[in-house]
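Below is one structure, written out as structure tokens, with a few remarks after it.
Order of writing sets the labels: A, B, C, D, E and F. Residues in every chain begin at 1.
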Amino acid sequence: MPERGLYDRGMAVRRAVLGDAHVDRSLARASDFDRDFQEFITKTAWGSIWTRPGLDRRTRSLLTIAMLAALGHDGEFKLHIRATRNTGVTRDEVKEVLLQAAVYAGVPAANHAIALARSVYEEMDGEETGASAS
Amino acid sequence: MPERGLYDRGMAVRRAVLGDAHVDRSLARASDFDRDFQEFITKTAWGSIWTRPGLDRRTRSLLTIAMLAALGHDGEFKLHIRATRNTGVTRDEVKEVLLQAAVYAGVPAANHAIALARSVYEEMDGEETGASAS
Amino acid sequence: MPERGLYDRGMAVRRAVLGDAHVDRSLARASDFDRDFQEFITKTAWGSIWTRPGLDRRTRSLLTIAMLAALGHDGEFKLHIRATRNTGVTRDEVKEVLLQAAVYAGVPAANHAIALARSVYEEMDGEETGASAS
Amino acid sequence: MPERGLYDRGMAVRRAVLGDAHVDRSLARASDFDRDFQEFITKTAWGSIWTRPGLDRRTRSLLTIAMLAALGHDGEFKLHIRATRNTGVTRDEVKEVLLQAAVYAGVPAANHAIALARSVYEEMDGEETGASAS
Amino acid sequence: MPERGLYDRGMAVRRAVLGDAHVDRSLARASDFDRDFQEFITKTAWGSIWTRPGLDRRTRSLLTIAMLAALGHDGEFKLHIRATRNTGVTRDEVKEVLLQAAVYAGVPAANHAIALARSVYEEMDGEETGASAS
Amino acid sequence: MPERGLYDRGMAVRRAVLGDAHVDRSLARASDFDRDFQEFITKTAWGSIWTRPGLDRRTRSLLTIAMLAALGHDGEFKLHIRATRNTGVTRDEVKEVLLQAAVYAGVPAANHAIALARSVYEEMDGEETGASAS
């Protein structure tokens, strides 16, 4: 399979998980400085790993949320909480993942992630209300 | 529910996940120095979290393996690879978890975890062969 | 001792260390999403560990500040700087803890923590001035 | 060489790398709480290490940026991106350092650092435009 | 005070904390590769920080043990457990520090540190028995 | 360019940096469990990043050593110390990288890396002596 295929398959799963709105915004904002990086992520994280059949997308979403909470990568954690809309991970499941993280990564890492996840859910609820009101 | 209940329920799930042989060995080796710690872990990690119904044991096993690989806790990682015998996580699933970890925690963390997991599986295969031969 | 006792004892020491104002605010803001987590922390961190007689509260405060600075958990670090009001740790002691952290956790971790601690102390001084002016 | 020499040499290289404006601002803002810390950093990081002849300043700048991105020290990372103005590290080189960090520290650490670096460069470009316009 | 004084004061406190036997062995084994590093540590960690009067040696020992456990620096952790012989930190206090670390740095980090500390204490007990037997 | 090209280019630079002996051994030992992972690393770390013209191989080697020391990935750190034979990084440069790491990642991380690097160099010296003696 040609490398272009790797990028295209990566872009397809990236859009399916993160949503078209987020990806379109990223592409529109790309500059000379980060264009190579965006392409690298699309091929590697999305094209090479998220496309693999060995685990379903919901499980990859759970694992990613756990690792991002454990390692304290806040921005990417919030992105993947938002993506649960597309991966089918429920709020109750995220709650359980973060309780599990409290044991393995420590209480402060989990406590912080709980607050971040809650704020993302509140944003999402606000957007839906806003959308239905308009 | 009394605290004793917390310990007892924790011990039950700890035995179910890590196996009686491992837990009996831990209890037999406990000293004044680590007895409180063993009790704390049994109540907290096992009694308060692993007993929760919100995620099945197989999913908690996958999440734990991902976080331990990401954070580089080698001893506990190997323990939980060995415990996949009881949690139903397959070798192919562990492989996928560690490929996912390569993206989110970096290649060296995942590469090291792959080597550790492989060595545990080889030990387990050796034990089974030894057991069936005796 | 029943589990309820664990929660109650945890809540008592949590209030003694973090202050009633902070804890009341946390309880008032608790949602379905984080209620289990708040209860878990109260029982575990506070009920099982901070209540132990083996180290006094001032020493636990110093250790907690050191570990939070070393691991970069900013929100919880600020919370525990503010709690020094209740634990009796002085500003000069916090300064020494963070100099010690510069050696063991690296200069950037300590440098960041110094700036965070300073901003918390300035907030606290402002509140006192505001309170006495009103 | 007297200790004063260590401080003075450290201050000289600190000014050469971070710029007089930044250092003057730090000194002016120093309080009783962080004065010892500022002196410790000047002697240690700058006086003992950055002054060593074994690696040129540009290489130390690249290494520092890589480690700060890998460890997630955001404030100090931005400071050292800004300092590339003085160390001669180009934007294309920073891009390469962060692609290298994606492999060794994980995609989220590098992705976050790319966004931070880009925002610093945009600030710097704005300042230059502002300066030339005034 | 001249820099030589910094080294000498550092060496004095390093010997007082880690013991002459350990320091003599380090100096005897020093090579061209690590000589500068040994000197840097002696001046910085020991001469500039451990000599400060703001916290007593026992408290610095407790803080160091907590941070080394939290960050997973095994070799240096064992060194500082052994040094409790000189700093006056008791085994019960180390146990409490590591229970505190379980909350703030996660159960696996603390669990591993408990096992390491126990093995160091067993070595120390063996040496004493051996010494008194000879 | 086809994906096969990515693998082949990656394998070429992997062999140039780590040496044929190491790579041949890795390939010979590959099992079903780690084959996909080896292929992923070859394409990603080596094919996509190490092949980029933006930084020379010597600089990528220095950066990699710095990040591996900072993050405590011991196995991969030793591999890249050994690879300095092929990347042209000198022992004096590694010493400087690790002094720089002492500031940014903390003294224990650097101290441990210094000891690991020294042991690798002693092994390499032993092998050369052994080879010339046989």
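One rule holds in what follows: contacts are C-beta pairs under 8 Å (C-beta built on N, C-alpha and C of every residue); 3 or more make two chains touch, one makes a residue touch a chain.
Everything numeric in this text was worked out from a predicted model, so none of it was measured.
Peer 1: Spell out the chains that contact chain C while also contacting chain E.
Peer 2: A, B, D, F
Peer 1: Between chain B and chain E, how many degrees of rotation does a Cα superposition need? Round to steps of 5.
Peer 2: My answer is 120 degrees for the C-alpha fit.
Peer 1: Using only Cα atoms to place each chain's centre, name the chain farthest from chain E.
Peer 2: It is A whose centre lies farthest from that of chain E.
Peer 1: From the C-alpha centre of chain B to that of chain D, how far is it in Å?
Peer 2: 42
Peer 1: How many Å are there between the centre of chain B and the centre of chain C, using C-alpha atoms for each centre?
Peer 2: The answer is 31 Å.
Peer 1: Among the residues of chain A, which ones contact at least 2 other chains?
Peer 2: Within chain A, the residues that touch at least two other chains are 40, 44-45, 49, 68, 71-73, 95, 99, 102-109.
Peer 1: Spell out the part of chain F that touches chain B in their complex, as residue ranges.
Peer 2: It comes out as residues 31, 33-34, 36-37, 40-41, 44-45, 68, 71-73, 75-76.
Peer 1: Name, in rising order, each residue of chain A that touches chain B in their complex.
Peer 2: 44-45, 49, 52, 54-55, 59-60, 62-64, 66-68, 70-71, 73, 92-93, 95-97, 99-105
Peer 1: Chain A touches which residues of chain D in the complex?
Peer 2: So the residues of chain D touching chain A come out as 72, 91, 95, 98-99, 102, 106-112, 114-115, 117-118, 121.
Peer 1: Please output the residues of chain C touching chain B within their complex, sorted ascending.
Peer 2: Result: residues 1-3, 5-6, 40, 43-44, 48-49 of chain C touch chain B.
Peer 1: Once bound in the complex, which stretches of chain A touch chain E?
Peer 2: On the chain A side, the touching residues are 103-109.
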